[in-house]
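The chains carry the letters A, B, C and D, assigned in the order they are written, with residues numbered from 1 in each.
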Amino acid sequence: MKRFKTTKGLIGIVLLLAILLVAILGPMLIPADASTAMDMHARRSPPTWVHPFGTDQLGRDMMFRVILGARTSLEIAVSAVVMSVVLGLPLGLISGYFGGFIDNVLMRLVDTLLAFPALLLALTISAVLGPNIQNTIIAIGVAFTPYLARIIRGEALRVAQMPYVEAARSSGTTDIMIMIRHVLPNILPAVIVQGTISLAFAILAEAGLSFLGLGTQPPAASWGLMIQASRDQLDIAPWTALVPGLAVALTVLGLNMFGDVLRDILDPRAK
Amino acid sequence: MKRRDFLRSTTALLGSGLLGAMPTVLWAEDAPVKGGTLIWGHSETTQNLDMHQTGTASSGRVLQSIHSSIVTVDKDLKVIPGLAESFEVAPDGLTYTFKLRPNVKFHNGQVMTSADVKYSFDRCRDKATGAVNFEVFNNVASIDTPDDATVVIKMSSVNAPFLSRLAENGAGVVMPKDSGPTQGTNPMGAGPFKFVSYEVGTVVKMARHEEYWDGPAFLDAVEAREITEPTTRLTGLRTGELHMINDIPLDRVSELQADATLQVKTWFPLNFDFINLNHTFKPFQDPKVRIAFDMIIDKEALMQGALWGQGATTPSPSFPTSASYNHDLKQRPQDIEGAKKMLAEAGYPEGSLNIVFKATTNYPYHVEAAQILVEWFKSAGVNLTIEQLTWADWLTQCWVNKDFQMTMINFFTLWEPDFLYFSVWNSTGAFNFRAINDKVIDDLTVQARTVVDDTARADIYKQVQKQIWEQSHDIILWFRNGTIGAQTKVGGLDTVVHPNGSNLNFHKVWLKA
Amino acid sequence: MKDIVSVDHLRVEFATDSGPVVGVEDVSFTIAPGETLCVVGESGSGKSVTSLSLMRLVEFGGGTITAGTLNFIRADGSTLNVAAATPEVMGQVRGNEIGMIFQEPMTALNPVFTIERQLTDGLMLHKGLDQAAATARALELLRSVRIPEPERRLKQYPHELSGGMRQRVVIAMAMACEPKLLIADEPTTALDVTIQAEILALINRLKRDTGMAVLFITHDMAVVAQMADRVVVMYRGRIVETGTVQQIFEAPREDYTKALLAAVPKLGEMKGKSAPERMRLIGDEAARAAQAAPKARKREVLLDVRNLTTRFPVKGGILRRTVAQVHAVEDVSFTLNVGETLALVGESGCGKSSCGRSILRLIEPTSGEVWIGGRDIGNLNRHHLRKARADMQMVFQDPFASLNPYRRLKDQVAEPIQNFNLASGAELEARVLQLFDRVRLPREFLNRYPHELSGGQRQRVAIARALAVNPKLIVADEAVSALDVSVQAQVLNLMMELQEDLGLSYLLISHDMAVVERVAHQVGVMYLGRIVEIGPRAAVFDNPSHPYTKSLLSAVPIADPSKRRFADDLSFKPITSPIFPLGHQPAPSVYDQIAPGHFVLRA
Amino acid sequence: MTYIINRLLSVILTLFLITLVTFAVTNILPGDVAMMIMGTQSNPEALSGLRQSLGLNDPLLVQYGHWVGGMVSGNWGNSLIFKKPILELLSQKAVASAIIVIMSMMIALALAIPLGVWAAVHRDRWQDTVSSSSALLGVSLPDFFWGIVMILVFARWLGWFPSSGFVEPSVNFWGTLQHAFLPSLALGLGLMAHLTRMTRSTMTGILSQEFIRVARAKGLAERTVVWRYALANAIGPVITIAGLQIGYLFGSIIVMESLFGYTGMGWLTYQALLNRDLPLIQDTVFVIAAVVMLTNLAVDLLYIVIDPRIRLG
């Protein structure tokens, strides 16, 4: 059983490394305008030797776009998730560890935010801030925060009841130190796993924003934007959706497979 | 508010633009048959149902079938009688007299009288009504009704375009006296179809008006289903759920034309597009820069790229067939190097210009065009970045607040030159959102209003076009086609498009058994 | 007479990341009809694996029977080799011809089904009864396991029943189809001593009434002594020794068995001895000899607890207002001398743990005073409390949960020292090293993580952590109850050694009377939040005077087959709930002194 | 019972907070209502006049008061684009959305629970990977992608379902369901992934519990053990998760309803956002948030019915 799990994790890691490599090396090896260069004589060309992944409605090479888009998409996704963790961690930690009144207040707040669909929040926020990558990140990051806060709080609540926390307290450790030394490391795995899952949602959230013209702006390539652009041509040029879609799918798959082993990697018990 | 809002008010002025509304394909029609309900996949969401208040072409497109106008235009855009069987303008051009048709019946069965006409016009004039076309009546002094069949309108000063503006049914429609309050929920007029019901966002249902003055329509009823998503609309037509759809996505026209089970009607022109340079933005105050920008653009390639060939480039916004169209003008050919030189002369060497291009997602082809432009401008050393805006945002930022550097918009082809050139290029023009301030144009456009002789008037407007082109105040791109797709069983398709190109008229449409 | 079960050279393997691991090997034994065979062994001895194999439930734990036969004589007299039986056949055997009870009564019942459903589904499956008949039988069963108001129980859900009652239900389920063999896997380990006594007695009676055979799995030699006809001793997956209960207890052949028996404290064996004695450990005689006769320390008081009361609010109602109170600790007073051990004994829920925590102010007492070294802990502010905690440390029950799995051992031991910045840098290193030596932990453990240690080793770490700040008082909350007997003995001895060397005082919170008898100077018996009887260990054990103390002592199994106590149904007064309405003012505790220092709560 | 009252009170509190957030957010939205109404005809004095009449010049607190007060007294204001009372619009559209939300939830659960159980039973084996991977595919592409795929496959190529539109249930309920099916299916696929995951982890937890062993020791068939004993315990948590997904769902219908011309709350919200119809945005956003929260409440209450432990607690 376990051996199987590790191989699964390996696949995940390999997948992610490959994608990261593409995202990092891509822009170095491929000229930046390769993703925007248009071939008006080969619009919506299905995959050919010249265009292995086909071209889009403006005759742009899907392969270059998906490769150069990787960076944008991952940048947005990662920064957004990191942001939501940075915001959600203290919230959840404090409210879970101290419980009681603080907990009530904070969670009431979180519940309220949770009542607003993440997409709706993101839409409104980036509508307010205006469309560009930074604002997209902020919008998604903020929209995700309550979800993370909730999860972290639950974990903190669990850990705060563990005897070793009580032991630490009884040996005179201050609350802050307990949170840093004992609670944090023990909830970290859960947080990171949740993070990896959120990444997938973040990539797609960007596509959702593009629905209202928010998010990444053309002609820049991002997976979300590409999927969004494929909307009106799915029946006559399916590859315009499948290529970026597959990219997202592989990333999500990698992230999830990786997430499972990440837990073990972080856990000394598995060492 | 919505895009058609201002399209509508523009159409308002230049009224029904469309002469070239002849079908590109002529169908061997078999004899019309009565009966059947036409299911129309409408590309827009109908909003306010009050013909006076409604801003949107989408609503207009529907209400056109419910209302009739006092005068209208024929295919040559000549004003012809509508509800009025005749009309005359006094030589001084200050008095208009309309003779109404006898026993025209409204949907409620009442017979139309001059009182109804007066009521309708007064309602439209009244600012409180919030009519989008109130300014049509701007210098109307009085509206008198000597008898039931006669309406006399007195002007305080000459207003050449008045009649043609009335032909624009927003202003010229006649509603039953005192029906105003209910028009919003239950629109009523003297048109070929009665309003039945509206489910917001879903469907407008209309039934034949048996006592229509021009003879009852063939169709028992028309159902306007509102399907804004292009793919979905196309699918609806393909699966036969819909008899016809308007606004075929441009990239799909050829594909549908190739489909023998469907008929496609495209007409030319639906509207013209032009790229707008904000004249309050420092670099664009220099004609050199504007001209250079014009030279960077290959209009034909751009049209092929963005419209998939569904249009024709033009250096002039004048209606192609109108007398005022200046045929001596030629669009500047693309000349990147030349452009670079001019920009350098203007003090903007390569890489020194960073321009934000605001494109509205409401017109996907604008975004496409913008992306193509970015490439050309890059090669000319100008860094263009696109900002997509929803229609509401575009209107606020570009149209009202003039907060933009470079953008692109389309107008329904305004066939009435005064409305076109005065409102769009005169420094005081209602639609001069680029803050263009050109003494020459101002003088010419004012002068033209007082000139009665048509050819002389046309010549003035030709000069205006020349000036616009030389100064490259805007970059005029092309006329865009209008499109309709339908099942082959739909007859009389070529009568569907009202000369104004935006509205659809189902009076003479029928469904083959 | 033919054996009902004969296991022959059983071998079970488990698949793990690092290839297959042998669970049990070469295990052979037989069970005669109507006899009780006890399989005894410490954790990891493979005793449970053996029992699960008999049910072929071992597969669900990832194990496979790779060798041997498990012959079982079925109702129809035919012989079935369980090792080779098909799932269908096993379906007929399980719960029908072989019944099984498990360790955890709390989780052994499906929380979302009624007792009735869980009792009847087996009956309907195996005996083809209809709902009505099954229900009738279920009722009968509940009666036979002596559950009060059985009719009502049927409609109830597990969470509405006490632990003891749940275990009775589980037994009823196992007995439902009148199996010829009952497998009991540590059935009383999780229960209080009085309830354990009841359950053991119940099993005995059922066995007598039905003539079924019992395979009894346990780690507790005392229970073995009480229950077994014959005994199988297991160690590391193999059988060490088999024999009748008398043979095993009186003439053990194998060293392991001897060591095991030696480490088990026998209630009553301290009769007539005043001072505590270290546990017996084979090969440890030297150390015990070294135990100097207790130094005549002048008995100065370290801890003085006066009228300590702790109540927990029970929230309820719309505004989460407090609607009632749990009187966890009620007017408790006692003193603990320097270098001595006071044991608080009692059953779960009696308030002994709350009492310990209240003293350290890990939970805030409602009223009362706690004086340590002339300081009233009760009115210290946060800051001073932190400081004061240097004097009083705690060792927790669960050695697995009381260490942070994500920190190296040395950091965890060093943490208290850093908290009070008693040392740093090299000095800190040295101090930690010294502590490891002190609790006899090899130095290479310094950089390890808790999971790499055994339970006993972890408890040593916990003790080291407690010692780190040179406390005067250590509250040991069930500190050894999770450990195997031999390990338990070692840890207890370590604690006693430390006490002698460092003059520590222990507040020992425990449910294990036998252990307490051996290690405590003073004993306080707690019941419903109050101390019902307190005094010198000898006094309390030799002359238990409060009825509760009496019943408690009578319920303790004695590791001596000649002293059997659970022949017939027993039933002890169930512990009533300590929840009282708001404003309920219980009478103060009044004590009679029946002998010097021996107080008994006045009824 | 007190528990329920408790929750209800906290709901009222949350509702109040929701109004605050909604009001705050919609008021920092760019774009001026008055300008939106006036559009191309807008000129300074007319604008200020309109602002006055719309009460846009009042201090925010007053405006907030009017808004909430209006809603309480049943006057939800008028939509700028549709020139209709918003309450009327909402009441029309709410039904439509209720239908696809429920339908998609049922579809998602119907797919996720078996898949999750299957994965849990074969934990860490290939079946596990297959189930989780297939579930992941659901989320790897945005809802609208699946929406279009549904349209193409089921409407255009197979012709089994209408490609778009909405039919009033009062007119033809069967028709309503037909129109609702494709969008629901697309949404369901999106939901499935997370639910499968949750079902799996919950089930693995439960399968390792003692009472499962007890059930097996009773000789119950593995089938019964997994699908009755274990699942009965898993349902509760899974339902709760599903409840939390309602929020996500109401986000998705904004896109999905617009795609299918299925005119429900989502479509209305989209129109409102697209046209900066602030009164409409304010009310729809509020209603959606409120509905989401109330569903979560409903789920909690449902949980009480399912899980006896809470019933008394």
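Methods note: a contact is a pair of C-beta atoms (placed from the backbone, for glycine too) under 8 Å apart; a residue touches a chain by one contact, two chains touch by 3 or more.
Since we're looking at a predicted model, the values are computed, not measured.
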Ranking B-D and A-B by C-beta pairs in contact puts on top B-D
For chain B paired with chain D, centre-to-centre distance based on mean C-alpha positions, whole Å:
40
From the mean C-alpha coordinate of chain A to that of chain B, what's the distance rounded to whole Å?
45
I'd like to verify one number: the distance from the centre of chain C to the centre of chain D, where each centre is the average of its C-alpha atoms, in whole angstrom.
50
Mind checking the centre-to-centre distance between chain B and chain C? Centres are C-alpha means, answer in whole Å.
88
Got the chain A residues that touch at least 2 other chains?
1-2, 130, 212, 231, 234-235
Quick one: which residues in chain D touch 2 or more of the other chains?
30, 148, 152, 156, 273-274
By residue number and range, which residues of chain B touch two or more other chains?
231, 390
Which pairs of chains touch one another in this structure?
A-B, A-C, A-D, B-D, C-D
Mind listing the chain A positions that touch chain D in their complex?
1-2, 4-5, 8, 108-109, 111-120, 123-124, 127-128, 130, 200-201, 204, 207-208, 211-212, 224, 227-228, 230-231, 234-235, 241, 245, 248-249, 252-253, 256
What part of chain D is in contact with chain A in the complex they form?
10, 13-14, 17-18, 21, 25-26, 28-30, 123-126, 129, 132-133, 136-137, 139-142, 144-145, 148-149, 152, 156, 244, 247-252, 254-255, 269, 273-274, 285, 288-290, 292-293, 296
Show which residues of chain B lie in contact with chain D when the two form their complex.
1-2, 5-6, 9, 45, 47-48, 50, 53, 55, 132, 184, 199-203, 225-229, 231-233, 235-236, 238-239, 241, 390-393, 395-396, 399-400, 430-431
For a test of understanding, state which residues of chain D touch chain B in their complex under the given definition.
30-32, 35-42, 80-84, 89, 92-93, 148, 151-152, 155-156, 159, 162-166, 168, 258-261, 263, 267-268, 271, 273-276
Considering the complex alone, what residue numbers of chain C touch chain A?
15-17, 62, 360, 362, 386-387, 389-390, 393-394, 396-398, 401-407, 412, 415-416, 419-420, 449, 451, 462, 465-466, 468-469
